[in-house]
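Structures incoming, each one as structure tokens.
There are two complexes below, and they share subunit A, which is joined by subunit B in the first and by subunit C in the second.
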Partner chain A sequence: MRIILFILRKEFIQIFRNKQMLPIIFVMPILQLLILVNAATFEIKKVNVHLIDRDQSTYSALLREKFSASSNFNIVNSSFSEKAGIEDLSKNKAGMVVIIPKDFEKDLRNNIKTKIQFLMNAEDSYSSGISYSYGNSIVSSFSESILSQALQGSQQQTTPTIDIEYSHWYNQDLDYKKYMASGILVVLITMIATFLTSMNIVREKEIGTIEQLNVTPIKKIQFIIGKLIPFLIIGLFELAFGLVIAIIAFDITILGNIFLLFGLAFVYLLVMLGIGLWISTVTETQQQAMFIAWFIMVIFILMGGLFTPISSMPDWAQTVTIFNPVAQFIEIMRRVLLKGSGFKDVTTQFSLLVAYAIFTLSVSIFRYKKVSD
Partner chain B sequence: MNAVTVNNISKSFGAIKAVNNLTFQVEQGDLFGFIGPDGGGKTTLIRMMNTLIIPDEGSATVNGLDTIKDYKKIRLQIGYMPGRFSLYQDLTVEENLNFFATVFGTTIKQNYDLIRDIYVQIEPFKDRRAGKLSGGMKQKLALCCALIHKPEVLFLDEPTTGVDAVSRKEFWEMLKRLKQKGITILVSTPYLDEASLCDKVALMQSGNILEINTPENIVKKFEKPLLAMKSKNMYKLITALRSYKFTNSAYPFGEYLHYTDTRETYSVEGIKNYLMQMGVTDAEIIPALPNIEDTFMQLMEKGND
Partner chain C sequence: MKKFLGFIIKEFISIFRDKRTMVVLFGMPIAQLIIFGFAIRNELNDATIAFFDQSNDYMTEQIKQKLVSSNYFKLGANLQSNGMIEEAFKGGKIKEVIIFEPNFAQKLLKDGGAKIQIITDASDPNMAQTLLSYTSAIIKDYQTSLNKQSDLAPIIQSEVKMIYNPEIRSTYMFVPGLIALILLLVCALMTSIAITKEKEIGTMEVLLVSPLKPIEIIIGKVIPYLLLSFFNVITILILARVVFNVPFVGSYILFFFIALIFIMTALSLGILISSVAQTQQAAMMMSLAGLLLPTIILSGFIFPISNMPLLLQWFSNIIPAKWFLIIAKGIMLKGVGFDHIWKETLILCGMFLFFILISIKKFKVRL
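So, the complex of A and B:
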């Protein structure tokens, strides 16, 4: 026990003496949260629209007004030629071309079905889908408003329509920042646990200090505990620090129990520390450790549901994410943080994490002992 | 009792036999040197004796304890200074020493007597980080760290490699003082001139021990009379001798050249005449006493044959 304490003391002296370490601990979370969360959102802010109005009527002017009044669209150009519209699309000057046909108003007044055409730039299928549905809702609100105008005029009875009313739960304003911030926090503590741990242990090999330690009575398990605990503490501190930034910058309210969140983070960190330790047993230099850690991280994070929802992945990929601790913890973070879930709601994720923690730690400790003998 | 015994020990790395079936003993209180060129197997041998690697064959004991079965007990009784500086460069001198004292369950105070002579030299820099010390200082700190738990046997792997001549001399004096305190010291070095400073030396080459004896006895093994030669043009002298049909060996040795002849009896005049013919007119030839370096060169030649 005394030896572990002294190893810990030594580790903390070294960590805080490392010039790169303090920026990593304090600057990285601020940058990651502020830049990534603001930049990597799913919101489609403004789609540039090229409008082709062949009708030039009151109705077409009304529709045009609806588009320009919407916060989602920005009419950048208008013309009478489809060719000019497509050219704007191809030059990325416009993301969408809206074509109002000739006789638009006349047909509507005469109760003849008429069509509005959207030409979309679908390079990015995700945002074009969103712009399409935004456009759609503008057109339907337009048709509703002219319908009610017509009704007022004629007092005629029309068939009742079904109106869908919806409300978004758990993230009422559909604020992607809250959604992203909770995921970025996971990335943050994951990097601390995996990168820093593996590099720290490998450094002892690289510099040769392990040679000197090996002839001391320090037991391997004491060495490992002494190496892992500092990063466990830093990881938890990092989560707290990141949460404070998220609360200040993105107005996140922690709906769930904060102790539950940290308790689960503790288990999650054990998993990632185990992976970090394992990386250190298969590498000889910090560079190699960095490379392997990076490789593992990219897969874990991209398949972790941070950017693309797991539910929209193919079936096989959804099965694979069961084995992805990052995915489990992102899920836990979102549920506890945004949804206010209690322990009962995340028992599946919790038990998976416990299983991984036992697995990664025992495999890596076993391997560490074997390699260093 | 022997401090270290080694029985038929071997270790290979792939196809390379680093240590080849060695057997020897080191008596308690000896300053024992392993001398030989790089790649001779010195480091591997030391790492097997100090429990860091397991031999492929054979066994070794330290203080009567088996290096495999009792490695934990051995580690408490030995000090080790690896060839490469292996302390924490980002910790200060004092922090390093404190750390190693603590992991051995002791304190600097408790064993200060043992390291005092060495530590006073680096004490002015005790708040400096180890990485910022000069080569000689680093070496002294490493020795302090290896001694802080009062080991009975000290293993030093090429402690003087890359250290200037003055620091080397100082270092050997420190070792002599440690020896007087009853510590058995096993030291490896590639410098032949350090051999005469040991009580006993093992000359190593390609994983084999060519000779193991006191430096005095090793010198006695030198079989042939030795001549020292000198000329203003040493290069001409050595090329002339190397093409001489009776030359057994000719090595430059400081300002002289050491020469042995293949014949049982010969005259210095005969050699002088030959050198004259070859254009070396100013050759000074005197009989010389062989030293350990001559012997080692001779043994290595034999080993290569």
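So, the complex of A and C:
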């Protein structure tokens, strides 16, 4: 035990002595949390519209009015040629072109069906789909109002209507920041903890101090525990710090049990530290360690359900995410933090994390040899 | 010049000797592109929903059928009471609950109106909104089919053309983003580490007392990575074309030219980091932990920049990947020429010069 304490002291002195690393470890993640959470939103603000009105009638003016009154659109330009519209799309000046056909009003007055054309810039497939559905709903409500006008006077028949009521639970205002803050926080503490561990032992290898440690009577297990604990503490500390920031800055209320959250975070950090340690044992230089850490991390993050929902992935990819500890912990954070889920709701994730912790730690302890090549 | 060439050859040898790094360097972009091209999706697909049907008549049956048979939803559970909703959400799988009021068909036909309540799990707000709009659309559609007889079908129809991406595939958006992400990180990471390493293990002094000028040392260190990155661009592009059928409408020459400028910007960023960082660890944390998330989030790779708050839209201008993404999408998907992207290109050049100037100022000939 005393030996472990000595190693711990050495590690902490080394971490806190490095004046350049301190802000990187403690300030940078918090700054990123504050900035990036605000940026990560799919909420579609205003779409810039290029309007081509080939009819120039009262009806087309009415429709134009509807578009400019809507909070979803912003008419930035209008012309009479499709080419000019597409030119605006290609310059990113407009996100969509709306074309009102010639004889729009005439057709409507004569009860002939007519068509509004939307040209979308679909580079970003998701946003363009949403913007189109907004546009479509304006057109169909316009269509309805024209119809009911036409029907006035004639017998007004009652048609069955299904009344849709809705409510959004856990996040009534659909505030994207609450959702993102938890996920981004997970990624930040994961990066700090994993990168630091993965470079730690390999650094001793590279600058040669590992040999001095090898000839001491320190046991393998003591050495590894001593190497892990500092980063475990740093990770948990940053989680706590980040949560406080999230509560203050993003108005998050913690619905679940905070002790449960930290207990699970403890297990999760063990997994990630185990991975970092494993990287450290299989590499020779810090450069290699960093590359492998980067490779693993990018895959973990992008397939972790942080930005794009796991449930939208193809089935095989969803199966793969079972082996992604980051995905498991992001899920845990969101359930416990935002929905107030209890331990029984996250037992699957918990048992997976425990299994990975045991696996990664035993593999890396096994791989680490107290002899240098 | 001969001395300089010799130095570059030495650098190449020391990079190629390290087999593990080589594997990661060439294997990673390919692996990432393949994984993400196939796995990252933004479209709604098989979301798990639950029904609480208090009516169980032929109409609710038809609506449920219609919802489940669309590709967007899959049935997770049939609930029996309001109290089970909370339980279902907390378990995590179920994203939306649809409640039909008692005597649905009867009310709809007799009283001309019936109620459906939709409750979403808005802990994922984006998902919640999408689910709600898809569900409402399907229900509305059902309602219209009931009204068919009474010729109230909409008289104005909408027709949509998805330009640049007719099949609405998110891969089109992710591939250019991945190129930018991989290039930026590989370049910045590799150079910053390579130079800091010499500082940390002390060989930088040896280099500095050699007859090579400091600027030659830096260029010599950077050139191998420039070539490697360029090779990566070509592989990624071939993969994107062959495996994902991402269109390439514009000019290849223009694309490679701009990619070269972007690579140089990223390399100069690496040089800048190495001139600031004292240890490899610091260099790594700056270039990895510092650049990874901002590049993913603020470049428009996943989140459209136009949706961000104004302050952040402005802030995103300092992210080099943002400019490269605009250019790459423009050339690949829209086929625009240089006249559309000269501004973005100029900005990248400006960043390159800026990074280089600062690094030269920071670079100390004596350690």
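The definition used in the following text is that the second predicted complex is superposed on the first by the 327 of 373 C-alpha atoms of A that agree within 3 Å, B and C clash if a C-alpha of one lies under 4 Å from a C-alpha of the other, contacts with A are read in each partner's own complex, and residues count from 1 in each chain.
In this section, contacts are C-beta pairs under 8 Å (C-beta built on N, C-alpha and C of every residue); 3 or more make two chains touch, one makes a residue touch a chain.
Everything quoted here is computed from the prediction, not taken from an experiment.
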item	value
Combined model on subunit A: subunit C and subunit B, fit or clash	fit
First (subunit B), second (subunit C), both or neither touched by A:103	neither
First, second, both or neither for A:11, with subunit B first and subunit C second	neither
First, second, both or neither for A:195, with subunit B first and subunit C second	second
Touching partner for A:214 - first (subunit B), second (subunit C), both, neither	first
Contacts of A:123 with subunit B and subunit C, given as first, second, both or neither	second
Touching partner for A:176 - first (subunit B), second (subunit C), both, neither	second
First, second, both or neither for A:82, with subunit B first and subunit C second	neither
Closest approach of subunit C to subunit B (Cα atoms, Å)	11
Intersection of subunit A interface sets (partners subunit B, subunit C)	18, 207
Contacting residues of subunit A [partner subunit B, same complex]	2-3, 6-7, 10, 13-14, 17-18, 207-218, 373
Subunit B residues within the subunit A interface of the complex	50-52, 54, 72, 75-76, 78, 80, 82, 84-91, 95, 99-100, 102-105, 145
Residues on subunit A engaged by subunit C in the complex (per definition of touch)	18, 20-21, 24-25, 28-29, 32, 35-36, 38-45, 86, 89-92, 95, 108, 111, 113-130, 132-133, 135-136, 139-140, 142-144, 146-147, 157-172, 174-176, 178-179, 184, 187-188, 191-192, 195-196, 199, 203, 206-207, 283-288, 290-295, 297-299, 301-303, 307-309, 311-314, 317, 320, 331, 334-335, 338-342, 345-346
Touching residues on subunit C, where the partner in the complex is subunit A	18, 20-21, 24-25, 28, 31-32, 35-36, 38-48, 89-92, 95, 108-109, 112-130, 132-133, 136-137, 139-140, 142-143, 146-147, 150, 152, 154-166, 168-170, 172-173, 181, 185, 189, 193-194, 197, 200-201, 277-282, 284-286, 288-290, 292-294, 296-298, 302-304, 306-309, 312, 315-316, 326, 329-330, 333-334, 336, 340
